[in-house]
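So that we are looking at the same thing, I have put the structure below in structure tokens.
When the chains are written out, they are named A, B, C, D and E in that same order, and each has its own residue count from 1.
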Amino acid sequence: MSEMPLGGIIFLTIFIAIFGTALIFLARAIGGQRKNNSAVKRDIYECGIPGQDKKESKVSVKFYLTAILFILFDIEIIFMYPWAISFRDFIANGMGTPIMISMGVFIAIFIYGLWWGVKSRALEWD
Amino acid sequence: MGNDVFEITVNAVKLIVVFLLMVQAVPILVWLERRGSAFIQNRFGPNRVGPLGLLQLLADAVKFITKEDFAPDKAIRKLFYAAPVFALIPATLAYAAIPMSLPFMVPAFEMLGSTWGPYTFRVQGYEIGVGIVFILGVSSLAAYTILMAGWGSGSKFSLLGALRAAAQVISYELALGLSIVGVILLYGTFNLTEMIQAQQGPLQFTAFGHTITSAVSWIPNWGIFYQPIGFLLFFAAAFAESNRLPFDLAEGEAELVAGFHTEYGGFKMLMFFIGEYGHMMIASGLATTFFFGGYGIPGITPDELQQIILGWGFSEAGAGGLNSLIHFLSYNVKFAIFLWIFIQVRWTLPRFRYDQLMDLGWKTMLPWALANTIATAVIIYAVS
Amino acid sequence: MTADAFLFWFLALSTVAGGVMVVSLTNPIYAALSLAFTMVSVAAVFVTLEAFFVAGVQLIVYAGAVMVLFVMVLMLFDLKHEVESFARGKVTGAIKLLAAGLLAGLLIGAILYSSSGELGSSAPQAAAQIDSTKTLGYRLFTQHIFAFEALGVLLLVIAVGVVALSRSKGGTHGKH
Amino acid sequence: MSQTALMSILLASPLIGFLINGFRRKHHSANVSGIIASVAVFISFVAAVLFWLELQGMAPESRSILVNYGSWMNVESLSINFGFLVDPLSSLMILIITGVGFLIHVFSIGYMHHDKNVAKYFAYLNFFIFNMLILVLGDSLVTLFVGWEGVGLASYLLIGFWFTDKEKASAGMKAFITNRIGDAAFLIGMFIFFVSFGTLNIQELNALAPTVAESTWLGVATLGTLFLFIGATGKSAQIPLYVWLPDAMAGPTPVSALIHAATMVTAGVYLIIRMNPVFLAAPNTMMVIAIIGVLTVVLAASIGITQNDIKKVLAYSTVSQLGYMFLACGVGAFTAAFFHLMTHAFFKALMFLGSGSVIHAMHEEQDIRKMGGLKKYLPWTHLTFMMGWLAILGTPGFSGFFSKDEILWMSWHSPLGHWSLWALGALGATMTAFYMTRLMALTFWGKSRVPKEIHPHESSPIMLFPLVVLAILSVVGGYVGIPHVIGAILPGHPENILAGWLGNIVKPIPGITEADAAMEWTLMGVSVGLATISAFIAYTLYVNKQEAVQSFTNKIKPVYELVYKKYLVDELYFGYIINPLVRLSENIWAYIDVRFIDRCTYWAGDLMKGGGSFVRSLQNGNLQSYAMYIGLGLVLTLTFVMMR
Amino acid sequence: MVNTNVFLEIGLNHYLVLSTVLFCLGMIGVLLRKNAIVMLMSIELMLNAVNISFIAFGKYNSNIDGQIMVFFVMTIAAAEAAVGLALAVSIFKRFKEVNIRFFEHLKG
């Protein structure tokens, strides 16, 4: 556990959670809550017309497509981290060329994927 | 966290201090931003409360805390109230992992009838072996805050803003993650402290077994000289990650009012502010650490400085403490410069359009980051 | 050892609690958020097992990417009101629960049974894991290089497939 | 360079060419596709030369390079490797394939210039070269068979290359189906060898076969070699399976030159030479081969006299020349057979390419009655074609002379030969001289009968270059195998280089006696004399007295018609083999299939249906039920494991 | 035989039991939940459970391959989630529903 002080992280998380919650309650206690707000005030924000529910708004499917492509590319990038960190060791062990080739293949696949994504207009926002 | 009560207590206090350091920095930054923007735009800015308007901070705090606590009817209350609290967590967790100065030694001492120590305390929340990965992982959790707030508000503006912000954050996380690969290749470690140590001393290149030291000895061995493109990409992606102008599409006033925190006000709003400024601070801290030598001082290594301070007649421990303090100041100077750049950019550049933003992330920065990675790898391979 | 034990039980509790919430909460968004919580807890469990890099990857990939995607999709669908969250049929439901319970019991039995053997609750061999991430990288790019490249191709194929799927206008049951 | 690498280059180069052209088959540039394909084959040719040089450097007894790429299949006693063997025989063969192949690729660049699917064409050609190399180099019958089928496929694809023409497409089918008959026999032969010898490795078979030498008709070696020979008649167009080759002329002319003259059709001969110890162990088979060979010579030559299509004439000539090779094999003169294979590859490829040049010049006109006097339009084509003509005639000094006379002499002299074989062979040579001269006369000499709308023109240099190279080879190609009797009187007494080169591959004919020089000179004189006379007659008849030919053919019209219609062999096959077979299968279908087998399956199906409707209730489309079954299965399995 | 050390001495078995419990929770989710996306999430839960056992085995056998396997499992799981969600979105666009009760077309 020398490398990652889990206890500290958990302690800090819990501390912030408690601290934040306490602040919110504090603000509520000081600022107070009125019981009889008008219907207009209690409604969600809208500019001049009766409020619309969020269900009626159409959301572009692009968002989730972007998210999916993000996941796939993110993993490919994550795969580069162990490579990056052990790269010098590989070179020191005389294995520089094989590692360059194997990563070159991987990056070529990555580039092809990116190129394809751009070409197929999956990343276009219009 | 430590081996005995004293160390654990100190570490816990240290964590809380780091958190409070971050929280208290926010009002200062807000003030700085308002004054700074006024300066840029030829206005006065807040100047009534206290000297230079410095007490505006207090006035703001009072205003925030006395506001009415309010939630719209359509809000999902659990999420609506939980989101601002969660906004603090990723930023703080990540910020606590950035080293701010040299560790300082506490020699063994007697207290309450027993011997304590010796101890080494790091001037940071905690030291993490896989620092970069941890920071990336924790800050990727920030997307939940945004989504929770957007969904919990029950408003279509909030939801759209949240989705936009989330899509933007994750898009730029790719460029961010990839721009760091070059840094990792350069230093061969995930650990931030080791990176800072690698940047100490004068600039020197090692190629084909020869070491070429810079002729000008005060030019530091900073990452910016090895990874200029990496730095630019990292910094630009960090702007987008923290939803700052010119990338604050999540809150384009004309279309989305204020984005995912449209329905928030009062203290909850302030917490989002803290989260947002926290991201700014993480970005500044990381840029300092990766590319500008962290807490290091150009032209002098910590050991040399230690000798100089010892020459002034301090004890070993006192010199160590002073040394840490000087380095802490050095870190904060760099850190503040980056924060100012953030502010300056916000008030200088116009906002992107959303399609331009996504194009920039996917079609410009990602390929450049990839090219930077490949170039770094090839050069490292070629010269060794 | 007590600190470690405390951490383990704390994490085990939060992990299992998160898992239970995933299965039992009827609002899918809460379920997804609980799952994200479980993922973070699992990452912490990885840390107690000294798999630091994998823990980080768990945070980035699972908690930071996959679950964000789940949450985003659920928000897109707006599935707040579920007509029926759980399967109909009391008998089959009972059988299903029984099957899961039996499986758990059998597996735990098997673990305890085999623990009298060599893989008991003994301490791990003190292996000199100087830098486990570098070791991981070394093994990944020597022993598992083919799997690594194959995964690259798999991700590419999936990217293509996902884009194609998102373009499709409907199922095989004719078009509108 | 290591031998494995060299072999890889040799084999991979045409394959890569095939893939490149195959993937860019939508492109229409003949130059680009052609250069890719030609370079691919040329690389192979260089590799083949390097192999040949490497063999040169070895001791004569140990000239053999085996490149093994690992195990292909390993089942019980059957163990087959991806092994490729280069020995003196296969090294010469790959030189011919890649060398002649390269020239024909180059020719094709010009010939196929206007075709739309030119990339596809070159892809097929490279595919053919690749498979031919596998056929030639394969060290086991199975590997050889892979190439054997591969070249069959390539041949089918190329014959039907212009498949939009129904006739041409069906010509491809015919070739494919006829070859299937031969292939079936080939497989049976292989099985026989495997069952009796337990191996399919050619080297091992060659070593094992002499131990079973026999004279019965039902011995292992006899049966096996007979079936292999049937396979060879299919591929090499011998009686009775020769009918596909003339139809195969529907393909582009360079294809006819490469596949249906120079290389693929000689695969049968190559197979026999390759396995000559096995064939020598079966004298009955040898007799059959010789008889079939000589009959093919005469039959094909006689048909060739009457044909009017320039490519058909050459096709029958090919069949007849292949007959000579089989005759040589049959009498045990394997060196002579290979010698003729080689010279024939040169001069027949030359003549086919020449005919291609003529057809190109005549705007796809193939009827020689509409030609004549082309000498002045196509001087280069005429000159090179004449070299081929002189060679095939057996003019002393040209390559065909040495190889053909060697065969004729051996068919007389060998203990396996007979005077009648020589007589028929000589008759064939006479007829060859006649129809080839007729072809020359009608095409190039005499008065022009070219229709007015056609303006013949000489071909481009890229097409003439291969013609010239092949013409030179046709002239000098014979000097590698100067017979002993001629060498004896020449200054310096040149030896028979080819026989020396193949000495360790080809077994000597058992019981051969010392050659009688006087007898050999006499026979040579007789055959050359007969050919000269017949050529002269043909020349006078077809250049000056065409009316006489007309009136003569009218007088013997029934015979002429019979020969012209190729002895009605196709009709015979249809009437007595194909149609009865079709009717038989129809009956079998009606009675056995419908009444018996189908009913059984219906019954079984009903049973299954009954059971299925029960099981179906379990499969209710609910994913979670399925998952539950998996879970229950897991529980059961675990319980079982735990209980044990 | 109840031993208090069970609570204080954390060993391989503890992690394996934790993994088993999570796995069976995920299994219950897959078996009982009707929402296709929640089922996908339950599958992720099961995969996470397996990952824990991988890493535990890896640590207690001093074998880094366990972590590499987890790396691969994560990749595949993310890929599976991507495809699964893409399918779910397609289905939702078509039927306006992700309850798997509506998709029982795959039956004999």
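The working rule: a contact is a pair of C-beta atoms (placed from the backbone, for glycine too) under 8 Å apart; a residue touches a chain by one contact, two chains touch by 3 or more.
Here the structure is a predicted model, which means the values were calculated and not measured.
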Subunit C and subunit B - chains in contact with each: A
Where each step is a move between two chains that touch, what is the least number of such steps from subunit B to subunit E? 2
What is the chain whose Cα centre is as far as it gets from that of subunit E? D
Most distant chain from subunit A, judged by the mean position of its C-alpha atoms: D
More Cb-Cb contact pairs, comparing C-E against A-C, go to C-E
CA centre of subunit A versus CA centre of subunit B: separation in Å? 17
When the centre of a chain is set as the mean of its C-alpha atoms, what distance in Å lies between subunit A and subunit E? 21
Distance between chain centroids, defined by C-alpha means - subunit C, subunit D (Å): 64
Which residue numbers or ranges of subunit C touch two or more of the other chains? 4, 50, 52-53, 55, 57-58, 60-61, 65-66, 68-69, 72-73, 75-76, 87, 96, 99-100, 103, 107, 133, 136, 140, 151, 155, 158, 162, 166
The positions of subunit D in contact with two or more other chains are 624, 628, 631
Provide the list of subunit B residues touching at least two other chains, using ranges where the numbers run on. 128-130, 133-134, 159, 163, 166, 170, 173, 177, 190
In contact (per the touch rule at the top): chain pairs: A-B, A-C, A-E, B-C, C-D, C-E, D-E
Which bits of subunit E are touching subunit A when the two form their complex? 74-75, 78-79, 81-82, 85-86, 89, 93
In the complex, subunit B touches subunit A at residues 1, 11-12, 15-16, 19, 64-70, 72-75, 81, 84-85, 88-89, 92-93, 96, 125-130, 133-134, 153-160, 163-164, 166-167, 170-171, 173-174, 177-178, 181, 184-185, 188-190, 257, 262-263, 266-268, 271, 354-355, 358-359, 362-363, 366-367, 370, 373-374, 377-378, 380-381, 384
Could you list, by residue number, the parts of subunit A that touch subunit E in their complex? 61, 64, 68, 71-72, 75, 79
Residues on subunit B engaged by subunit C in the complex (per definition of touch): 128-130, 133-134, 136-138, 140-141, 143-144, 147-148, 150-151, 159, 162-163, 166, 170, 173, 177, 190
Which of the residues in subunit A end up touching subunit C in this complex? 1, 3-4, 6-7, 9-10, 54-55, 59, 61, 63-65, 67-76, 78-79, 81-83, 85-86, 89-90, 95, 99, 102-103, 105-106, 109-110, 112-113, 116-117, 120, 122
